[in-house]
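The two complexes that follow have chain A in common; it is paired with chain B in the first and with chain C in the second.
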Partner chain A sequence: MVDGGSENVVAIDARPPRWTLAAENAMRFSLPVLLAFLAGAVLLLAIGENPVAIYQLMLSEGFGSERRIAATLSASTPLLFTAVATAVCFRSGVFNVGVDGAFVLGGLGAAVIGYALPVALGWTIAPLAIGSAMLIAAFWLWVPGVLLAKLEVDEVVSTLMLNFVALGISGFLVNSVFLSETSGNNTTETIHEVAELSRLLPPSTLHSGFLLGLLCVLGYAFWTQRTPQGFEAALVGFNNRFARSVGISVPGTIILVMIISGLVSGAGGAAHALGQVHKFSDGFSAGYGFTGMAIALLARNSAIGILLGAILFGALASAGTTVQLFSDIPLDIVNVIEGTVMIFAVVELGRLTLWRGTGQ
Partner chain B sequence: MSDMIDQVLASTLILTTPILLAAIGGLVNRQGGIVNIALEAKMLAGAFVSVVVSSATGSWFLAVVAAALFASLVGLVFSLTITRARANMIISGLGFNVLVAGLLGFLLSRIYGTSGTLRFPDVQLLPRILPESVSTIPIFGEALAALDPLTAFAWLSVGALPFLLANTRIGLRLRAAGNAAQVVRAVGLREKTIQDFGTVFAGFFSGLAGAHLALYSIGLFNEGLTAGRGFIALAAFYFARNQPVQTAMACLLFGLLDATQIRLQTAGYPPKLMGTLPYVMVIVSLCIASWSQKKKAHT
Partner chain C sequence: MKRVIRCLLAGAALSITTLGVSAADVKPAALIIAQGGLGDGSWNDTANAGFQAGLTATGITGKAIESKDVVAQGEEIMRRAADGGFGLVASLEWIHGEPMEKLAADYPDVNWVIMNQTRKGDNVASVVFAEHQGSFLAGALAAQVTVDTSIKGINEQAVIGVIGGVKAPGIDKFIVGYIQGAKAINPDIEVKVAYSESFGDPAKGEQLAKAMFNEGADIVYQVAGGTGIGIIEAAKAEGKFAIGVDTDQDSMAPGNVLTSMVKRVDVATESIIRDYADGKFPGGKVLQFGLDVKGVALSDMNHTKDIIPETYLARVDALKADIISGKIEVWDVSASGYPDFFK
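On to the complex of A and B.
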């Protein structure tokens, strides 16, 4: 468990006017992003490229036309899920870094159901697949949730380790039980056409999973802002002892947010499998869980921030791919920017105390 | 049959080394109060630097030193984000892993024009300490013949570490910084500087780990070279609760798993599933530890 810190408590007690809060959040979102782009610019300068030109190219590749926007939204689809799944836990002070593993297992479950059920079931296959994926992933994250709530097993370590276990299990399954007979190594059969999520703007790969992701963000916004349970979950994150003393069950909340996180991760994996790749193969998640974490951190767990962050990283991913094609800039620049964003998102820039320990 | 045991022993010893070196760094760091998730990044950076320097200078020793120093520098920057800029250590660590992998990938494809694997001419590999003739000794012969300076250094460190942590000034201060920061502050020491030392130490050892991976036998750099070994190291010292000797035993066990993987595979054990064993072991051991603690608290 991580204590929310005193800052947050003050924010409840004496709430400053709304607009300053909004301005502060906007700054907290944009400053790490700006600094990360600056770091990227330094790197580009160092290899003798013009960063302004490259960023302009990325901007137009990310948002320049309807097709490019569709590609960006398509790339942001899995991130909507993983960011919500991360934020729902971080908000309660539960440091769940296991969304990636849950996403992968959900994707595997959905893909298997998507090809193994008889075609005759028609349109019902997709909801069945999504539902099972959600259950599998929820169970997967329920385990570290219970371990934390009942035995105080550090959730950072358990969820981090479970990611590797999930990769191992899924890697084993797609090479044995679920291995496709026709298409070689490390992959399942392609799912039935009826199980595919519909494409929204063909020929782009943007699919209705994006709408499902938006629904998750909306549901998250509603849950956090308008339900007593969502408020209680936030209290657990703000001030654990206070929450306990007003009668909120801290263990219950921990397990609840882990289950919600799993449900959302599983839905994300299912959407990716049914909408984007139409099967499960090794390397199913391109680090979506970790990018989702960067987004949740940037957004400080707010729904609107998650939406913006997912689109930003979606644009980076889709523009990065084409920029690599058109210019000589390796796609790895996206990782450089993402890593820097993660670091700057948690660094307290106002309190750089380089020379002396200030004490508490 | 006995030949097979010889070979398994030798490859266990060698496959253990990088995990062990990184775990030594990580456990010292953790005793100082910092959980180092960025071991993987520093191993990767160390591996890269060692290959470049070994090729440029033709000296394995300079390559190893350069790798360790460069990884220490990465460790220092990582440490400063935590101790001075109050970054969350887990997120910052994950961020460094993404960042370093991204930077190296960027360098590889842009400057060296390859994606994935970097080959250099004239890379000098790590030498073997003992003469070839020791391999005729039964059972341990192969392992002795395979012994390289970094492996020897790793095991010497394991031997020295309990003493260093318990009986030297810096060892005590480091553990105090991890366990009772107020006390350290009260006696006028800077606990953050001590913690920085711990993270630089972890960087140094992870750099050695990376150099061993790259320079023991293959002599090239690959983006997937570390293959999660930084996290296996993390699993090892979590499993052994930061005790040097127990951590080394855990590393040996994981090394043995790695060494027997191919044999296990032919015996019908799926390697991917076997590969998850270290991680499962950590979770189980954490459960047992806190379960027995709870039981003690009740009685």
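On to the complex of A and C.
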């Protein structure tokens, strides 16, 4: 009895205090970002620009006024969804890289419903469109989920390839059956005005899809931190064999997280179609699924990290474009920063895993 | 240092432009690059070349800006440019037309330019290209070449073809012009028409083109974007001819691309910058860039001009002069709907 008790005490003591964990997480998030901005600074110096001045300009373009903040949040909106959709799989050890395809198909579905249903349905069109998009995308990711859970088909390969299939399908449909007759380009009709998601801070394009995205992040935080199912899903990622031995269904969990990922991706695509683009067109997703992956990695699947990461990448996208109006730096600099964040985020992850593996 | 040099250069440019409004009074211009970005060797690069040439010639400052998320962020980018003191905002992205119409009402003092569509607003200039005129010349050239068996790869049948991306007025504008041009040479010519139902499927383009070649066509005009790459490939593989579109595609398969119907978006951007600098921005107007201002043209045919007899080209030039003078009117599907000879 006494021994057992002391063991418990040891176990509790072995857990680092909360604040250390928080500090460690903060460092893991900010270090790759700082390194990336440093790399960007070197590049800026090399092309004869003053990095301090450029970064100042970027800061003011990203957050300098209400309008700029709104523009940044507007650019962050799709990333909230795709980052959550990715993280929910990653934390269960399911390397789902198919969020982009699910986002695109959800967006196409929502756009088509948004213009094809009769206007008389009024405000009900938007929830119908969002719901259908979620179902389409959930089905889309359920397929590789089942393939992995039942037949051990590698999910990286299947989801990666499914992105191309999704792009192909949507490209074909928007070029044929859903092509707007009045358009000189590959787009659908514009959705009904009643189906549009309302704008939060007009004239900015920031729309209520952002709130839906926040809701997804909150829901994700709750699910991971406060529900047994969320805990079990994390166990599957942490130690697959242990999870199985304590009676958690690994295949069931895999399919579940893939479906959740699909639902969130679909909601994101729908929000983007109904709130931002108001139609579906070629180039609907600017690789949001992949940026979402970078954010999930950077955030180490934490909800607060996802929120910060989405805002960071949103700011890079919006400010990175508009700084070109007021300086001579090309978009490539921003691409370098984004790419470097991703590399350092992954490198750090690899280093930690190695360290853990050899240390004990 | 770089900045100082740039200021000096701008100053030098200023002192050269003595006519009209001083460039210092003209607010800067912004050009928003479409999907595909700079370096596409096509639409964006061509437009930017004209934009930069316009800036250099007038001495006004301007920026070409790119975004990875140009579809969704268009409205924010354009609004930022208007808020940021730009006097002219032009977008090369088709999907920006709708938000631009709203922005133009919010910013009446800013001049707006959109391409390939017509948008309302006293401060909006809509740029369209007379693709039907250029296509007419392509058809006229093809109709002459298709019966000249002295040219390698040509059979005696008076059959040519055209492959469009989709059945839509924007595409049929090219096709109808092409047919009309071919019939102007030979009223009995057969023009085969097919649609690939896609702008990004080279394999389908290749398949359709090969089918047309098998049916006796020896020249196929591609109006199908990326799908057209397959059409040009098919011409190369079969030793026949394709006609390129939008940009000069002659060198994609030297000798097998008869000519290209080139849209000179650089002519359009440069001319608009010049008008803007002179205080004569064509707000509220639809600017038709046709053969007369070289807004559309046949390519220089660097790889094929030696195999095409002089007289054919002279005939094409004569038709061109007739179109410019108004003697020949080419049917414009986007303006007047479908003609009787093509439903």
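The working rule: the second predicted complex is superposed on the first by the 333 of 360 C-alpha atoms of A that agree within 3 Å, B and C clash if a C-alpha of one lies under 4 Å from a C-alpha of the other, contacts with A are read in each partner's own complex, and residues count from 1 in each chain.
Criterion: a contact is a pair of C-beta atoms (placed from the backbone, for glycine too) under 8 Å apart; a residue touches a chain by one contact, two chains touch by 3 or more.
Since the model is a prediction, treat every value here as computed from it, not as a measurement.
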| item | value |
| --- | --- |
| Three-chain arrangement built on chain A, chain B and chain C clash or fit | clash |
| Contacts of A:164 with chain B and chain C, given as first, second, both or neither | first |
| First, second, both or neither for A:335, with chain B first and chain C second | both |
| First (chain B), second (chain C), both or neither touched by A:74 | second |
| Touching partner for A:154 - first (chain B), second (chain C), both, neither | first |
| Partner chain(s) touched by A:176 [first = chain B, second = chain C, both, neither] | both |
| Which of chain B and chain C A:220 touches, first, second, both or neither | neither |
| Touched partner set for A:29, first chain B, second chain C, both or neither | neither |
| Chain B versus chain C as contact partner of A:287, first or second or both or neither | both |
| Chain touching more of chain A, residue-wise (chain B, chain C) | B |
| Colliding region between chain C and chain B, picked from 61-69, 115-123 or 205-213 after the shared-chain fit | 115-123 |
| Interface residues of chain A shared between complexes with chain B and chain C | 171-172, 175-176, 287, 330, 335 |
| Chain A to chain B touching residues, read off their complex | 2, 43, 47, 95, 97, 147, 151-154, 156-158, 160-162, 164-165, 167-169, 171-172, 175-176, 287, 290, 293-294, 297, 328-330, 332-343, 345-349, 351-354, 356-357, 359 |
| Contact set on chain A toward chain C in their complex | 48, 61, 67-68, 71, 74-75, 78, 171-172, 175-176, 179, 181, 183-187, 190, 203-205, 272, 276-279, 281-284, 286-287, 317-318, 320-322, 324-326, 330-331, 335 |
| Touch list for chain C against partner chain A, complex | 1-2, 30, 35, 37, 63-73, 75-77, 79-81, 83-84, 86, 94-95, 98, 106, 116-117, 165-166, 168-170, 197-200 |
| Touch list for chain B against partner chain A, complex | 35, 37, 80-81, 83-88, 90-92, 94-106, 108-111, 185, 190-193, 228, 231, 234-235, 238, 270, 272-273, 275-276, 279-280, 282-283, 286-287, 290-291, 294 |
